[in-house]
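Data block below; observations after.
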Amino acid sequence: MYTLDNLWVLIAGILVFFMQAGFAMVEVGFTRAKNAGNILMKNFVDFCIGSLSFFFVGFSLMYGTDIVGIIGTLDLSIVGDSVIEFEKTVPLERTGLNPFTDVWFQSVFAATAATILSGAMAGRTKFGSYILITLVLTAIIYPIQGHWTWGGGWLSKLGFHDFAGSTIVHSVGAWAGLVGAVILGPRLGKYVKGKSQAIPGHNLVLGALGVFILWLGWFGFNPGSELAFSVGEDSDSVLNVAKIFITTNLSAATGFLATLFVTWIRYKKADLSMSLNGALAGLVAITAGCNVVSPGGAIMIGLIAGVVLIFSVEFIDKVLKVDDPVGAISVHGTSGAIGTLLVGLFHTTEGLFYGGGMNQLFIQFIGVFSIMAFTIIVSYVLLKGINAIFGLRVSRVTEIEGLDIHEHGQSVYN
Amino acid sequence: MYTLDNLWVLIAGILVFFMQAGFAMVEVGFTRAKNAGNILMKNFVDFCIGSLSFFFVGFSLMYGTDIVGIIGTLDLSIVGDSVIEFEKTVPLERTGLNPFTDVWFQSVFAATAATILSGAMAGRTKFGSYILITLVLTAIIYPIQGHWTWGGGWLSKLGFHDFAGSTIVHSVGAWAGLVGAVILGPRLGKYVKGKSQAIPGHNLVLGALGVFILWLGWFGFNPGSELAFSVGEDSDSVLNVAKIFITTNLSAATGFLATLFVTWIRYKKADLSMSLNGALAGLVAITAGCNVVSPGGAIMIGLIAGVVLIFSVEFIDKVLKVDDPVGAISVHGTSGAIGTLLVGLFHTTEGLFYGGGMNQLFIQFIGVFSIMAFTIIVSYVLLKGINAIFGLRVSRVTEIEGLDIHEHGQSVYN
Amino acid sequence: MYTLDNLWVLIAGILVFFMQAGFAMVEVGFTRAKNAGNILMKNFVDFCIGSLSFFFVGFSLMYGTDIVGIIGTLDLSIVGDSVIEFEKTVPLERTGLNPFTDVWFQSVFAATAATILSGAMAGRTKFGSYILITLVLTAIIYPIQGHWTWGGGWLSKLGFHDFAGSTIVHSVGAWAGLVGAVILGPRLGKYVKGKSQAIPGHNLVLGALGVFILWLGWFGFNPGSELAFSVGEDSDSVLNVAKIFITTNLSAATGFLATLFVTWIRYKKADLSMSLNGALAGLVAITAGCNVVSPGGAIMIGLIAGVVLIFSVEFIDKVLKVDDPVGAISVHGTSGAIGTLLVGLFHTTEGLFYGGGMNQLFIQFIGVFSIMAFTIIVSYVLLKGINAIFGLRVSRVTEIEGLDIHEHGQSVYN
Amino acid sequence: MKKIEAIIRRDLYEDVKEALSEIGVQFFSFWDVRGVGKTHDKKQYRGTEYDTSYIERRLLSIIVNDAYLEITVKTILDSAATGEIGDGKIFISPIDETVRIRNGERGPEAIYYKEKE
Amino acid sequence: MKKIEAIIRRDLYEDVKEALSEIGVQFFSFWDVRGVGKTHDKKQYRGTEYDTSYIERRLLSIIVNDAYLEITVKTILDSAATGEIGDGKIFISPIDETVRIRNGERGPEAIYYKEKE
Amino acid sequence: MKKIEAIIRRDLYEDVKEALSEIGVQFFSFWDVRGVGKTHDKKQYRGTEYDTSYIERRLLSIIVNDAYLEITVKTILDSAATGEIGDGKIFISPIDETVRIRNGERGPEAIYYKEKE
């Protein structure tokens, strides 16, 4: 049933690809019209850069032969191979899948991490510098920490469980975005006399459409990460894949409802923009454990993620005073971390609540923390460097009049 | 080939899930900007509520052991199971599918019924009350009548044919919406001195995008309802699924063209908003018989649905004076009923036109009528009750200034 | 594994269907608000007309028994069959696929060709005349030239390689569109004193969403054209399909980046609207050779397509002074031709760069040229005829005030 | 001739238009403006309450002959007032001349009313 | 100084702008308004014909020195008239003072024309 | 009474509003206009550079009592000027009468200021 596995993973990859459109719509919708073109550009460019850089460099760094648990062996022969021949261009045969299927699915994941970053840095980042960041992220940062868990590195040996990448994909994008948002500073007018100002998104219909598209894509992201559909004739993976549909969906639904009702009480009105984030928070949080928690556990994870989201958004905005226009740090960073940690509680065999003791929880903590630390440190060095050499932030006038006119010479609405 | 069946049904479920985005875009596009956020909220919230309530309650009511042909046995053990364990959370193994696959596909159907309702009640319904209605609809009303045909109840014993739910899903949502629209009364300004006024949708591009998405989703809705892809080694279901693609698509295409040309003659101009509805009418109508009619029959069904739609919209709007902002009652109710009845004519073995006599037609009539009566009565009681206790309609000022500001404290366009 | 092949092709067809939504969004976004409804109408109507006409006429003309290499045998029995019976409605069993699967996949291809045309003729074409053109294109023009290569006609005997239709689908639509744009003449105000004026699209966010949707659909378009997933137990086609994902994606990504960087240098700003076209150019160009070029070859093809695009757009706009509002002629015509020719260079066994000599390149040239000549001549006659009888262009006042109001009596934004 | 600029609640526009039409004032122009004043829209976004510091208003610009001034003002007052804060204002200013573009006609004849046709 | 408010057909805007530019009137402001009058857009929606009861118009607001008044009006008449109903109106009203924000300059100098530069 | 029409840079709107509010001018209307003048937005689209031939501006319409005229103008000058070309203009014109729609009140009382409440 090798063919069936390939079919499923290819299709799941298509769904993950389409998440790019979802991210683009969410980010455009949640920001102002004058920067919409720039955001679209960024979302396209990071996918394009990521597709190339991960194919040639990132993939072998992530999944190549392990070097002391830290990194895979870079295999540049792929470059030559891919030009000359056809059959052998992907040298790594690491799963039961066709190597092309494998690299396809892994590429779209890498591009997802890159895209998350752009949300946190929206509205003030130089386009050229952003392209550089994307390149390093997909070619180096993402693959290295990805290797630790998914490529056979030290975290995988430790038993760290991050099935589809709450931490490896989502948090990594978010922590890099956090570093970016801090270095950039807030958008003009975001903090007036130290008080946070609302800068409402210009089209929440697009934002909502984006969330629907992301939710759709997640049915490739999570169940596709099984990387199989029919292993063994007993078809264990059918069961696994089907269960992941249920846990993923229940967590997302609960995340939305949790945010909805808490904002309803807290702000007196049911807040649309926040509830949309709540659904995403539920999706991000379940990603790590979607294959090892029960439906009830999934609901708890979604509930916790949806509630924490609100306070995370407020905390980052009002206490830390970090300007994250689309809430990417909370949605992907906070929820990613929480979801990964909660595996330690809700894992139906290893989790604390299921009699598995503190061990898994502890391992989860190590994974979340070490990946966070690594990403923050490396991106800090990277962004500071780029800032010093090329500059990271656009000029004041560009920011005021909009990145679209100044960086791209056109406006999206005419 | 158990795995293949599961793969197909899981993917079909993804497509049906995405119909939520289609409904959201259609409803937003066909109504005014000031209520767009509220409509998005409703579309999300009904899917979220429906996912949970159908999983825990609706599914066993619909497919549990039959009780006198009326209802399935409620099995609350699922609640406990889903928290504690993992393998057994869905107790009903009723098809050749994995139970998780089954409940996934059925959940997204239940959510579809709920969503239809929101269109007919758009622009004037209290958000809190709407949530309550959704809960009862997905947990109780939809499952009970669904049990009658799909769960082994009395209509299935009678031989009622509603393959993918023209009546069971679409009409149910529409009849509940009809009751809602009647109880609510028309939007302010909809009828001036008894004359119907046009309240044009604010963004028909979104409406058209929504119709494309719905059309897409229907390729999961109808062919997915085969619930198999490879039963038997002779692969009958391959043939069936492929044929359903053809009948579904031909009916939709004909529905669009029929409405287009009739409006062109009738109104002198080819009416976009109505033609979009025409495609949906064709899709709803073919849903009941998509697996038992010929391509020619599908074209006839689409044609009839597309023509009737126009008169149904006018009749409901101008004669009944029921205010249905997006045409949900005509698209899902009228077309659903007609499509279900037409199975009695075009069924290639049982249909009147194919020498099958009046029998099937008569049974179809019983099915359509009894489900309509049941839905109308139960939702009437429900909505009147909610109206009495919580109120169903927003205040005058909320309606004038828009539900977005008053119910959610924000506008979607800034 | 017959079932698996069918499953894949059916799903791929769904993705290709969804490209209609992509085309609609691109065309709406790249043109003015006052014609948006008309463009939506056209995109729906060509799919609907195409679905019917190709089913009844086009399919047998394209794939019916070959008549002197030029055309398939028209088989009108399908009309009768499709009304009366169910099993036999598609008489041609030409592949390992179920005939219904086959006709489904081929229909959505035909509709794609029709849709491309509408972009080049946007903003000034009479709706009624457009419907006629669509009918002839999908029922006759597309099937005839399609027969030459895919239906066993003379080009296939020659060895012309156009795997998924760079020329057969995309160029055909574009050349017909070119003829249309020339006969129609430019939109009012497009050329002032012989100088081309910019008429910016009214919503590039929709345009970008459309490109994402098209890119998505291309993962059905190209890999689906394998028309199999598991032929032989060795599963060659798994490998092929997976490779096509990679080549398709790499070419698209490179196309986008190439256009981006060249516009950045050439116009000083990175041009969004052009870069979006660049991704499409990469997709169109790789379509012909996606199964026979290496990943490196795919990158080269995308690169060339992305760069040529810019000059093609400028050339058509500024030198030829043909008004192509969405760039359809460059994106589908120029890129389609170039991509087909490049197979002669990059084919990993027959290509010039791979030691295959000039032979394949020569054959590719014959194919590209003969199909271009055929399409241009036939559509010229057709469009001139329609122009003489019904008129092709709307009145001056209709054009100025917008086709939406005059042709459809409503505006899409209210 | 006088120019009457009436800044009214958007939702009452239809009523005002009807009322004006009944007294024969069938020509005017209008556009949407934002009014800064004591009435605001309160909104919230992602946990931050904010104040748009304006409300949505509609401005009607009506040029009338002097004879029509008072009745027009009165009609607007009657149809646009709810008695609540936020009803808006009417500003009256002088107009030197009116020209009908179609034929260059000038003066009061360029502003015609129902009964004159 | 005078303020000329010209309400014209939107589609003729470019022509009017060109014509004004040629006589040296290169500074003005404009925005889109809706005109209530005898000409309407007829629309239909889902089987209901309706009348927007207005047409889309563009309002040009041009402040000119008295000397420029007549030529400006004439230029607008020439470029904006089609002779059909719906061509629009020109309203002329007094302006007391003009101030250039950049440097606080007042009076006629604040409205400069091509030839003065 | 006078009408002050200030055409300013959109981005400076908040500053002007604050400044006006501080001197007690808390009521006015504004809308977005396009200004034709020497400053343009340069754009490009698909290889064609073009010039929108206008810039986006905001028009503030403030009716004040005569006594308030000068200070209001000064405040706008102070808050809206950058000294660069493109700062905009202020036009002052006479207003005959003001009516509060809520209660029909006329005259200067209809335009009240902070300190009067």
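Per-chain residue numbering starts at 1, and chain names A, B, C, D, E and F are given in the order in which the chains are listed.
Everything below uses one rule, namely that a residue touches a chain if its C-beta (ideal position, glycine included) is under 8 Å from a C-beta of that chain, and two chains touch if they have at least 3 such contacts.
Fair warning: this is a prediction, and the values are worked out from it, not measured in the lab.
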Quick check for you: after a Cα superposition of chain A on chain B, what is the rotation angle, between 0 and 180°, in steps of 5?
120
Can you compute the centre-to-centre distance for chain A and chain E, using the mean CA position of each chain? Integer Å is fine.
52
Suppose each chain is reduced to the average of its Cα coordinates; what separation in Å results between chain B and chain D?
46
Between chain A and chain C, what is the gap in Å from one C-alpha centre to the other?
34
Name the residues of chain D that each touch 2 or more other chains.
31, 43-45, 93-94
Got the chain A residues that touch at least 2 other chains?
4, 7, 11, 200-201, 203, 267, 269, 271, 273, 409-411
Report the topology of the inter-chain touch graph, choosing from line, ring, star, complete and other.
other
Chain pairs in touch?
A-B, A-C, A-D, A-F, B-C, B-D, B-E, C-E, C-F, D-E, D-F, E-F
In the complex of these two chains, what residues of chain D are touching chain A?
43-50
Chain D residues touching chain F in their complex are 2, 6-8, 31-38, 53-54, 57, 59, 73, 76-77, 80-94
Tell me, which parts of chain A touch chain D in their complex?
196-201, 263, 266-267, 269, 271, 273-274, 277, 310, 313-314, 317-318, 327
Under the stated contact criterion, what part of chain B meets chain C in this complex?
1, 4, 7-8, 11, 15, 32, 200-205, 208-209, 211-213, 215-216, 219, 223, 229-230, 235, 238-239, 241-243, 245-246, 249-250, 252-254, 256-257, 260, 267-273, 275-276, 279, 292-297, 299, 348
List of chain C residues in touch with chain B within their complex
2-4, 6-7, 10-11, 13-14, 17-18, 20-21, 24-25, 28, 36-37, 40-41, 43-45, 47-49, 51-52, 55, 79, 82-87, 89, 98, 100-101, 103-104, 107, 127, 203, 206, 404, 407-414
